[in-house]
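Written out below as structure tokens is the structure these notes cover.
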């Protein structure tokens, strides 16, 4: 039956992250923050980052969304803590390649648990849900905004 | 009835396919509809026999193309009961039609302080053009409230439409709630205050008999692709006396009468609005779609869809944890059913249903202010057309139940 | 070369017919071109397998449609060598593209006293939008002269383009004279004076390799239907940094980022310009047409057409009493040949040729100021494409001779 | 051979009218005049009318055009002289029906020599050429303009 394929997308760990997301909430002392909207469904995600000694020391996200976007955000927050902006950038690139089905190296090493989202590649309509949080943190760090700004999600 | 309803799907090759190993059940008709063989073959036939640019040609193909192109204009006039084919303007679709009213009529006649009245259920295409116009002109954009079941609040309509109102623009049928609005009644209010009445017919024209004269309205826009016609073709209807007063917007090609170096005169409506080579094959396809719909009969389509909804809706309401938006009385709605399942995001629902072969849509449906009004981030939306069957409805219900099961228990 | 030129017509079912009992010789390609089977089948295939609305859908068909729709954008970018597919905007055709530049860029950046420079050979679609813009903004519309053989007068270009010039807009190739304009050279002049360079590519894109970056220009518009693609689809290319500064014109649908009751934010270019459901099947067909053209090779098409013209033109010049407008050197022109026969009205010529199966056009070709400049009421126009052959040219010559005979002697 | 069909359109009498049109020129004392343009080709025709005792007493046309439009104009001028506005209207309607292939009665009686243009019905692209002069005189008389105005040719 058709639904059995869903297991490829909604792995147990993903469902758990979605129902009990890590680092969900807001930070008082964020150095960077950014609001990003998924143009397909209108879901909004806000990511806040605290940097210390050139590394991400704390991170939080808020906003509602689907299972994939919530789980992806939750996993992202777990993985970026302790990373430098350059490392985060590499993670975002790797993640983006993974979920669009492009081949890329050392995925597990770079993405850790978030590798479990690779099943999204078989669900092209959900790629944007998965990448939302990653694009948000990338733009947040890059723009260096203390004030909340609204970022752009590329359309394609 | 020339055609048997339950066999219609045979006319649509796309419906005879499996998606994710399951028989396709296409329930995304509010986004776009499928095309019967007759429409696709009309396009093919046009390109294989008659293709030429219209109006300007003396040769045989040009004459054939022109005759067909203008014959469809007559057909459309008859289809919506316009008083003349000169009131029928070819557009890209509903969005372009509504934008043209705003950019031509609106920019010409609106003054600072004037009011434009729409409702909370409008599609962005019948909202943002007015917002933009209001901002440009220093006018005020006002919203008519909805009743708790999603119907237009007529008390609010009486309050919002005033002597300052210059334009009232409403969806004939909502693309989210399925609600059908009492256009004739609102038009009377609008006209009492000297305002014109614009109607977004994108979601009504495919599903019911349209009579623009009986509605008493001033402008009406709809899209071909939502009624079995090709993409890239739509109709803007307007009363001749209004069209005559409106400046054209796209200059060049057949809309022109006489061009001098510093001065140009234009043709009459509708041609003055049709700048450049039109979507001729799209027009031919629209003609074939109207023929197909009329061979069934618009009244028959409307009553068949009501039966379908009367069948599906109670079963959907029986699903635990479901919330359905819009009126529940089949007499007051079209075949669009927006819903949410408790604790599940509509995006996840749509993906799960797709695995079952059931194509529905999830999101804001280009109606973000309505989402806010309903206090939801998004909804799932199943939308039926005349080629759907009771069996399709059953499959939808089953798939929704299986989806709930999957996400609640993590198993299939 | 993957395809043999002399067999191309087999790919075009419409060409395999008799018209007025004579084999059709279609020489009205400047008006619109015929479609190869590959293009029509791409449309049919889309409607029979993948049709859905793009961008907004989660289900399988929507995903397929979106992927194809966006893939064509990449293909077009490559076809005209744009630096990114985000510079490729889908339009209805050249006319809409040029109008959008005038209405968006022009209305935003033009000030009273500014100058717009075009030429006497422009199609109304590259003339009336600027005329209208100039009138609205209190700007001045100026014309570059032509040389006696119909080529652009570069001395005049140097004179007309000044520091007051804000926009220069020229046809890449004339739809009457066949002349190909030295766009790169004029662009340098325009840029020297701080003006932007707009190019009407309707008559060049079908016939030669386009490289918008090599031309150095700022905007480029063309129509699908003139290069074997469906009607109702065209492309507007613009430099990203300009598109980013331009306001959208048609509001609603996928061009939107976030809509609030009184305020809306838009997507980035190109999507912010694409309001409403696009001509999706038209886009798919455009992709198939580009594939077909590239399977021949644009350079091969250009050189084949030059050979064809080099063959036909001298024979036409030999006809007594014929006048041909435009440059006679095949290196300086496309396959458009406008002509008149002494004492005969072009309308009568076109009717007579049609009786011989030869489809040409007669009239002002949407270039009334040029007609005035040439001091003619109208011209006949034969226009060749890559599926035409030397035999088609011969048939044209014969038919012209027979026409002369008929009208001069009243006998056939 | 294809051209032989042309005889249906370009009858000898038509070719003669076209090369030596009757009432070609301008009138000094016109009561009504109107300029009409054929939108397909841009040809322009000006018709001038003098009325006396409720009848057309003189008429002239000017402007260039194709064989069909010139011949039709020439024949029109021959036929309308001595007719009342109501009669002219009937002639214009009858002519229009004849050349679009609609059945109508007493054609020869009403149109006289102009009946020879009935062959136009087989050449749909040329109908506008044939009707130009007739629509011009109809509008000229109806509008009652002493000043020259520009009329409208219906597009279809």
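Just so it is clear, A, B, C and D label the chains in written order, and each chain counts residues from 1 on its own.
Here is the rule we go by: a contact is a pair of C-beta atoms (placed from the backbone, for glycine too) under 8 Å apart; a residue touches a chain by one contact, two chains touch by 3 or more.
Everything quoted here is computed from the prediction, not taken from an experiment.
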item	value
B-D or A-B - the one linked by more C-beta pairs in contact	A-B
Distance between the centres, which are taken as Cα means, of chain D and chain C, whole angstrom	36
Chain centre separation in whole Å, for chain D relative to chain B (CA means)	45
Centre-of-Cα separation between chain D and chain A, whole angstrom	75
Residues of chain D whose C-beta touches two or more other chains	40, 42, 125-126
Shared-contact residues (touching 2 or more other chains) in chain C	20, 56-59, 62, 254, 258, 347, 351, 354, 362-363, 368
Chain contact graph, described as a line, ring, star, complete graph or other shape	other
Interchain contacts (touch definition) - all pairs	A-B, A-C, B-C, B-D, C-D
Sites on chain C touched by chain B in the complex	13-14, 17, 19-20, 24, 26, 28, 31-32, 34-35, 39-40, 43-44, 47-53, 56-62, 92-96, 98-99, 103, 123-129, 131-132, 141, 143, 223, 225, 230-233, 249-254, 256, 258-264, 275-282, 347, 350-351, 353-354, 358-363, 365-366, 368-369, 372
Chain A contact footprint on chain C (complex, rising order)	55-59, 62-63, 67, 70, 254, 257-258, 265, 267-268, 271
Contact footprint of chain B on chain A as seen in their complex	1-7, 9-10, 12, 15, 40-43, 64-68, 123, 125-126, 129
Chain D-touching residues of chain C, taken from the complex the two chains share	20-22, 345-348, 351-352, 354-357, 362-364, 368, 371, 377-378, 402-403, 406-407, 410, 412
Sites on chain A touched by chain C in the complex	37, 39-40, 42, 124-126, 150, 152, 154-156
